[in-house]
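If you scroll down you'll find the structure; I have some questions about it.
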Amino acid sequence: MKKAMIVLLVLFITAGFIFAGGQKDQAQTTAADKPVTVTIWGWRTQDADVWKQTQEALQAKGDNIVIEYESFVPAEYDSKALLSLQGGTASDIFYTRRLPGARTQGLIDNGFLVPLDNEIDLNNIPETTLNSIRSGGKVWGVPFANQVVGIFYNKDIFAKYGFAEPETWAELITISKKLKADGITPFMIPGKAGWALAMQHAMVGVSTPGSDWIGKLAKGEAKFTDPEFVNVGRRLNDLKQYYQKDFIANSTDEMSAGFALEQAAMVFYGIWGGSNWKELNPDFNYGYFPVPVVNKGDKPSVYVYMDGSYGLNPISANKEAALKVLEFTASPAFGTIFSNVTGEMTAVTGADLPKDKPVLQECYATANSIAAENMYWVGSVFQNGTPTVYSILREKMQSMYLGDITPEELAKDVQDGLATWYKPLQ
Amino acid sequence: MFRLNTVQKIIIFSILILWAIANIFPLGVMVISGFKSTREIFLAPFSLPSKWSFDSYKEAWTVANFSVYFKNSIIVTLVSITFTLFISSMAAYVLARFEFPGRRAIYLFILAGLVLPVRLAILPIFLLIRNMGLNNTLFSLFIVYTAGGISFSTFLLTNFFKTIPMDIEDAARIDGASYFRVYWKIHLPLLRPALATVTVFNFIRVWNDFFFPLIFINDNAKKTIPLGIQNFFGEYAIKWDLLFAGLNIAVIPIIIFFIILSKQFIGGLTEGAIK
Amino acid sequence: MSAKKLFQKHNYLILIIPALLLYTVFIAYPFFSSLFLSFFKWPGIGPKIFVGLDNYKNVLTGYMSREFYRALGHNFYFFFLNWVLSVVPGMILAFSLAAGLRGSDFFKTLFFIPNTLSIIIVGFLWALLLNPQWGMINQILKSIGLDSIAKAWLGDTKLALPTIIVITGWRGMGFYVLTFLAAIVGIDRSMLEAGRIDGATESQMLFRLILPQMVPIITTITILKIIWSFNIFDIVYAMEGTQGGPAGSTDVLGTLFYRIAFGGLGSSQVGMGLGATVVTLIFFIVFPVSVLYIYIVEKRELKG
């Protein structure tokens, strides 16, 4: 028995060494017209089919290109990309996050991205979206998705009570009161996910006090400790009576499950949640409305941010082929593929959005009409240093919801933190 | 070993049963959840699945590409724990048995490796591997996993070595055996329980690690199981039914490995009882 | 030193060379060179800017000090509570198994199984069980009328950390039980027989003869626990994310380091130099304590 185990072990080790050598060479066909392989790294598992269809579309056009896509868990993707780029082992194309952003800026400053302005046609992507990947006047990637956040609601519940989509904050409260009185949880909030609470604050803030006031803030003509900002926190703090019990312990997954399985009427979330909700409950009938304003007559604006873009590796051995791929991703045809496969909002205009996703279409239209110009969460000027509004809200929103600090103190924490580096506010 | 009356026996048995329940309960939930739909996992945690479906398991197996990843995980794990065990036990032998200048310094030097989180040093390690031309190979994993197990294994084995009486060794040395022979023929067998403990520990560590494969492996064909599982933690997906099924599949080899080895060290434990 | 002795020294030292070589090249050198980063400002890419002791000032007395000391306190708390929750039940269970009742083999195997699960599984599973609305723990508590105790375990600033510690204890129990059991059955029987002949009761034997013999193994375990407690990261990350929520009540040095060095999702700044500072400080807290213990242990061995 012992001998057998030793033999087995030796066999395994030998096999291990044989396999360990690694197949560094790509399997190339020996046909005269060899296909070129373009490698792409990203953090989204849902994109696998997008690239398959892209490959088909390119080959139909006559470009003999094979795309190999690998995805890595989002929380670890950045480490992997950063290390590989420095080590010279990264893929031809890789996903990047947005600007302003220290990580992406770091890549640019150290020569790990190629400016694409003169290489491909970017006319199908709106300027505001391109600004999210623009630095030093150049565009450093092809944006692939915009995200829209706001309030998503259960249409069946609203229909049952005859509620219309609220246009003012007061109307939202009225709806919540009625639901709660009837034993229905008005909001499902993921209190454990600090980032989602920061997002909640941000989406409420772009409606009231609104994009113009935030613009003043960015210039230093207003402060975070002004009542406009403080009241955002206050409104949310007052809203928590309409959240589910013990909301502070729920994750975003639990929130999604609760919402899709009709345990609550509304959530503060983003359009990307849709595929989860449909997966959990194919019959789920949900809708969207922007966060209502406080003063009747004001126009709401919506938090839209660029989710990510495709960047080109400067030391890619297959630049020509990679550029062909990137050129395609900036075209409406790609936008159509992207939205149809993932159910998310492509950054490209002129795409054909899936007809069976009315909420997606609604958000797409919203993003192109009332997107906030000035913001303070992701994709804003306040991301250019440490700490950011995002990082402070991430922790302090929980403290406020737990009653450990007041909305005034929350605002002061943000002001003090930003004042350490944001010049206009110093 | 103890003389106990009936009342004492009942109390002891109750304690064991209580802890057994504390174990079976969560493990049971884990196993059964793999058979449920995501909806049921959330809303009906208590009940048995309405439909005992193997679909999640089947899908998890293919989506996570388990057949390929399994092979890689097994190879990487077995090779690295074998080497770790081999070189750590030799090192422990030297450290436990001999006095030489610098012994304590070397012992503490090796112990230091336990204190530091691996992520801090990932860039130098990555560059080392890349410079050796081993990026994107399983070989890189062999090396880092073997190296990573040295601190703990050496520490534990050194402590166990000290419990072995010197006389057996002296007798063998008088008979003319080399140090290596003494180590191989005498110490290793006596250390079986300790070796088994260290082996299981290292198996768990290597099998479940996702960080090194993430950084060093690019090709799908060389990925290991933890990376495959991560496909279920997608950026926006919450396929909990697949997740549980996948996690359960990943756990089975370890449990089997442990059950096989448990005879070794549980056997070793009761051997001592007859002493 | 005579040539013969030198040759002998050579002879056995060869056995330690593979381990030393591999360890030095792939673990020690990368680590110690990374500790040097603490004197630089470096976002993980690009040039490293020398800043002298600025990072240390920041962590010990500056902006990061609030989070640092909070996390440090949590690590100490973690160590103490985790030690109690592992050693006490571990010993009780080990002795229970040593009694050799029927089924002990099955129990031994069962008790170890949680240890084989990866931390991600454990964190995931328990987060599910502890869900305040639908999770099984609260459902059970409610069904037996203990509504008041059915709390938001991972959402309560006072409960979250103890909960995580209990779960860590749950997972690790198998290792401690089996290690203690190995020590128990290694005890010299003849000494126990002598004790019985002398008329000692079972409990007197337990406390006077057996427990003292357990001190070495408990010491070894304690050293390991000190080291592990200050390096806790995975379970907190799995259950509360890098923020160590809620409101930083579960933030430990490991999550603090991760947050500083790698940032969260998205584009927050990466400060590897600052992260290295935290790690260096951890090292200088933990390592001397371990060294101290080892010296104490060896002194005791020389005496005994």
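Structural remarks
Every chain is named by a letter (A, B and C) in the order it is written, and numbering of its residues begins at 1.
Keep in mind that, in the parts below, contacts are C-beta pairs under 8 Å (C-beta built on N, C-alpha and C of every residue); 3 or more make two chains touch, one makes a residue touch a chain.
Just so it is clear, the model here is predicted, and its values are computed rather than measured.
If you draw each protein chain as a dot and join the dots that touch, every dot ends up joined to every other dot.
Across the two candidate interfaces, B-C and A-B, the one carrying more C-beta contacts is B-C. Our note on geometry: subunit A versus subunit B, Cα centroid distance of 37 Å, whole angstroms.
Centre-to-centre separation between subunit B and subunit C, using Cα means, comes to 16 Å.
Each of residues 74, 79, 86, 254, 258 in subunit A touches at least two other chains.
In subunit B, the positions touching at least two other chains are 42-43, 119, 123.
The multi-chain contact residues of subunit C, meaning those touching 2 or more other chains, are 44, 262. The touching residues of subunit C, counted against subunit B in their complex, run 9, 11-13, 15-16, 18-20, 22-23, 25-31, 33-35, 37, 44, 89, 92-93, 95-101, 103-105, 107-121, 124-126, 128-129, 134-136, 139, 170, 173, 175, 178-179, 181-182, 184-186, 188-189, 192, 196, 202, 220, 224, 227, 230-231, 233, 254, 257-258, 261-262, 272, 275-276, 279, 282-283, 286-287, 290-291, 294, 301. Across the complex, subunit B meets subunit C through its residues 1-4, 9, 12-13, 15-16, 19-20, 22-27, 29-30, 33, 41-43, 45-46, 87-88, 90-91, 93-95, 97-98, 100, 106-117, 119-121, 123-125, 128, 143-144, 146-148, 150-151, 154-156, 159, 162-163, 178-180, 183, 193, 197, 200-201, 204, 207-208, 226, 229, 243, 247, 250-251, 254-255, 258-259, 262, 265-266, 268-270, 272-273, 275.
By the touch criterion given at the top, residues 38-39, 42-43, 72, 74-76, 78-79, 82, 119, 122-123, 126-127, 130, 135-139, 142, 210-211, 214-215, 218-222, 227, 230-231, 233-240 of subunit B touch subunit A in their complex.
By the touch criterion given at the top, residues 74-75, 78-79, 82, 85-86, 97-104, 106-107, 109-110, 112, 191-195, 244-251, 254, 258, 263, 378, 383, 385-386, 388, 390-391, 394-396, 398-399, 402, 404, 420 of subunit A touch subunit C in their complex. Subunit C makes touch with subunit A in their complex at residues 43-46, 63, 127, 130-133, 151-157, 240-241, 243, 245-248, 262-271.
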